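Read through the structures below before going on.
One chain, chain A, appears in both complexes that follow, with chain B as partner in the first and chain C in the second.
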Partner chain A sequence: MARLVSLVERSRRISGLPGVLISRSAGNWNKDWKPGPYPVTPEEKAAAARKYGLRPDEYKPTPDDGIGAGDYPDLPLVSAESRDPYYPWDHPEHRRDFMEPIHTDYDMYGLDRYNASQKLRFSVNQMFMAFMGVMTFFVGTFFLMESRKIHWPLLPKQYPGDGKVHYTFEKPE
Partner chain B sequence: MADGPESVAAIKERAAIKAAIKREYQKQVLNPYRHGSGEGGALFDPALQRFMSMRATQYDFFRPTPKTSLIGTFLIVVPIIGYGLLLKRDKDQFEKKIRTGQVAYADREFKFY
Partner chain C sequence: MIWKISMHEISMLTLVSGSVLCGIAGIKKVSTGVMDVIEWELFNLVSSSIVFTVILDWVSLLFMSFVFLISGSVLFYSGSYMAEDKTSNRFMYLVLAFVLSMSLMVLSPNLISILLGWDGLGLVSYALVIYYSNEKSANAGMLTILSNRVGDVAILLSIGLMSSLGSWNFFFYSYYLNEEWVLLKVFLMISAMTKSAQIPFSAWLPAAMAAPTPVSALVHSSTLVTAGVYLMIRFSAALEGSLVQSWLLIISCLTMFMAGLGANFEYDLKKIIALSTLSQLGVMLSILSLGYADLAFFHLLSHALFKALLFMCAGVVIHSVGGYQDIRFMGNLVKFMPLTVSYMTISNLALCGFPFMAGFYSKDMILEVAFMSSINFIALMLYIMATGLTVMYTMRLIFYSISGEYNLGSINNLSDEDYMMTNSMSGLGLGAILGGACLGWMLFPECYMICLSFIMKMMVIMVSVLGGLIGYTLNMMSVNFTLKSLSNYSLIVFMGSMWFMPALSTLKLSEKSLSSGSYVEKVLDKGWFEFYGGQGLNYMFSNLFYMLNSMHLNSVKIFLKVAVITMIVFMVAVL
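Entry: the complex of A and B
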């Protein structure tokens, strides 16, 4: 029990955990844990940094452009796949440690999703140009040759019809 | 540079805090009596809780600004109304063709009854 309390004390210093670990209270409500309003003064910024477990000089709130998240921090984006696979993560399936602040779009950058922070072998421009080159070749060939089709050397089929003579049964000379 | 977020002192401080949290996490996760305090199961992670609450209350932080108005117009209003107008135009043209007798009986729309 003493270790739980000391964990709470240390966490409170780090991330402002308000005693939830040792209280059997009525649960965790969104109104208690949602981000606060966008911080404007340096004191608000420092308090928000402390709340999220970040240093004040590395804390940057999400931009306040109408689709922001209040004082939730704007964390550097490192996808799960880009993180060290040999480090002893607390949650290896997410490559994340306990109490590590989570990026705003975290669910998009898990191990089974997009790796946004990878070092590409070919740049996006090169990939796009290669794709356009291949598609231009195929589509161009289609457009050029669709009216000039190649076929086996065949004559048109000789169907019977009124008055049509395809063969006169003459003896060869 | 000696006091910045990338300085050696900052890196050491971050590493010390991270090591302390990791040590405590292992102790709590392997604590066989954690159910006795009333909270067993997955260890409560305040960072995860804050993320979930942020996602659940995203609308509380929405504010109509020029940027959000443009996004709303071009991603919601324009596709819906534009698609409706295109459909109406197509249907009106086809009906005009039918009513003036330009569509053959073999090309009628509903053939299977």
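Entry: the complex of A and C
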């Protein structure tokens, strides 16, 4: 018990230092942030659109698949890296405007994360087939030729000539 | 008189002194063949003792000597390159921590202490790559550390497998690892492949060029990336005659070829040099997989010299042109920066294997020994093509940056005036000229007997000359030229983007991992764990304490009720 108290005392002393987090509370979330129930009627949808700062025609609720998104809008997936880098965003480090509704998986599509909306010159399947095709060709040919390795001659080739006997091709005893 | 000695000067002096000492000791060990083993018993538990061992043989001492020399030069160079940075001291400490990790890895005779240095290398290289705090560096650092982490896991697994031998000391056991130990060899190969950025783990090396140029010069050219080669050199006896050797050969040859091809289509100066490093790492691992670990070590050392020099020259050029790294915005630098361009040319020629430069002795011997051995046809073709591609991208780089047309603005600050940067390159410049010869005479007192036909002997020179001509002349473009490459743009994109491998190893893999992580977070972390954990317990205890509190506030009534019920129960029990 005394050790616990002294530990708490010591941790309190260093808790003021920057970057030191002794404990964290589970209370960083509150009920006001909880999305409302899945909207069914047009009035509920309009109210939800107003709540999230969207027009009613651009509001589409997240499908009710049991995850618990409620009336949170199903926003188009545009990663931060795909957004215009030259537009004067309110938050340029996130490429987002003030109070702009964010995707459910917003933390997954930031500038330091995955770019899900990039336009690829070739599809992933095409890239995979090209890479595997080249690798399969080289690796396959390599292992095919493993039993047919090159043995370079180290002496000049011996050609037959008049009166020349190189060896008589007798079978070994 | 008080002399003010800055951190970069004291670090340079210390490290260069250490390099000289290690070099002298290493030369002595080469001549005598003696190995010193220093053991410290850390603690003893009944009959088991935990011992920390340091091995001082010619391999470790020579490697340490080169690491100290390059890191000393880089630290002195950083004194000027990072002078405008507010946290340059932190940078120096990180580099010194890197050197410490490298020393720990190189001087270790067993896998456990190699792991300490190996993990330290990965961690410190991550801290160095993310040094410039922007998204590009953050992404590059994440790519670097996660790729290296795969290798760390592979080494951990190999430690687990090797524990059944009773020791992790490769000096005792690498000769006795027969075909039953194929899984151990596979894991060791995977760890070497991740560190040395072989296919399919090559994505991190070009991305790591987001780090400051001194980091690239030390870490990504000569020390960190050669850690994998060093591990394979130490375990080379275990690889002989196994299937793992064949796999290592084809993978390293393909890496050599792919990187050489990619460097010919790249326009970022540092990325070209990074791909060049990747290609040379493929050369080292391929000759090692053919059974010539001593040649791999020779090329490792000579390559470290001229590649670090090349990166340092690139740093001077980048500083002078105002931060641009695109070679299309450089040109005719020979007129403005003759000394830097001289060093750059020396290192480029050494890289090409120009006769009697440092690279010539190692690279030429590697090629001749490879051609002489019973080699697979595909490996032979890849060796020849990669040699030509090396000269091609080198001459392309020379054309674009040094000798071609001037593409910069009319006002520029191109000069050689920074004595710190140019002086730091002088030692490596000397090494890039003489290092190969000195190392060759020292490591191979009895030369390899090369017996090749005329055509095979001339093959290297022919391919180099052809590659040089193509690389230099093919990039001479004018605005009225028709670009043939535009009609085959898909092929150009394929060849120039490392065969789509970086995209493939990051796209679907990271998407699936993040999606499944997000799903697990929603269902478990924010779902059931909160229901039965934080929020759920909070709710339950709140309700319970509310109930107890209401009972406490209305305590008189509760006490009377409890007292009456207790009396009734007591009377019933007694009666």
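Assume the second predicted complex is superposed on the first by the 109 of 173 C-alpha atoms of A that agree within 3 Å, B and C clash if a C-alpha of one lies under 4 Å from a C-alpha of the other, contacts with A are read in each partner's own complex, and residues count from 1 in each chain.
Throughout what follows, a contact is a pair of C-beta atoms (placed from the backbone, for glycine too) under 8 Å apart; a residue touches a chain by one contact, two chains touch by 3 or more.
This is a predicted model, so every value here is computed, not measured.
Asks: Now for A:P35: first (chain B), second (chain C), both, or neither, which partner does it touch?
Replies: first
Asks: Please indicate which partner A:V139 is in contact with in the superposed arrangement: first for chain B, second for chain C, both, or neither.
Replies: Touch partner of A:V139: chain C, not chain B.
Asks: Between chain B and chain C, whom does A:I67 touch in the aligned arrangement: first, second, both, or neither?
Replies: Both chain B and chain C are touched by A:I67.
Asks: Should A:L111 be classified as contacting the first partner (chain B), the second (chain C), both, or neither?
Replies: The second partner, chain C, only.
Asks: Between chain B (first) and chain C (second), which, if any, makes contact with A:F131: first, second, both or neither?
Replies: A:F131: touches chain C, not chain B.
Asks: Now for A:Y87: first (chain B), second (chain C), both, or neither, which partner does it touch?
Replies: neither
Asks: From the superposed pair, tell me which chain A residues show up as contacts to chain B and also as contacts to chain C.
Replies: 67-68
Asks: Looking at the complex, which residues from chain A come into contact with chain C?
Replies: Chain A reaches chain C through residues 26, 67-68, 105, 108, 111-114, 116, 120-122, 124, 127-128, 130-131, 134-135, 138-139, 141-143, 145-146, 148-154.
Asks: Quick one: in the complex, what on chain B touches chain A?
Replies: By the definition above, chain B touches chain A via 3-5, 10, 13-14, 17-18, 20-22, 24-25, 27-28, 37-39, 43-54, 56-58, 60-65, 67-68, 71.
Asks: Per the contact definition, I'd like the list of chain A residues that touch chain B in the complex.
Replies: 1, 3-4, 7, 10-11, 14-15, 17, 20-22, 24, 28, 30, 32-35, 52-53, 55, 57-58, 65-70, 72, 90, 97-102, 104, 106
Asks: Going by the contact rule at the top, pick out the chain C residues touching chain A in the complex.
Replies: It is residues 135, 138-139, 142, 199, 246, 249-250, 254, 371-372, 374-380, 382, 451-453, 456, 490, 493-494, 499-501, 503-504, 507-508, 510-511, 514-515, 518, 522-523, 527, 534-535, 538 of chain C that touch chain A.
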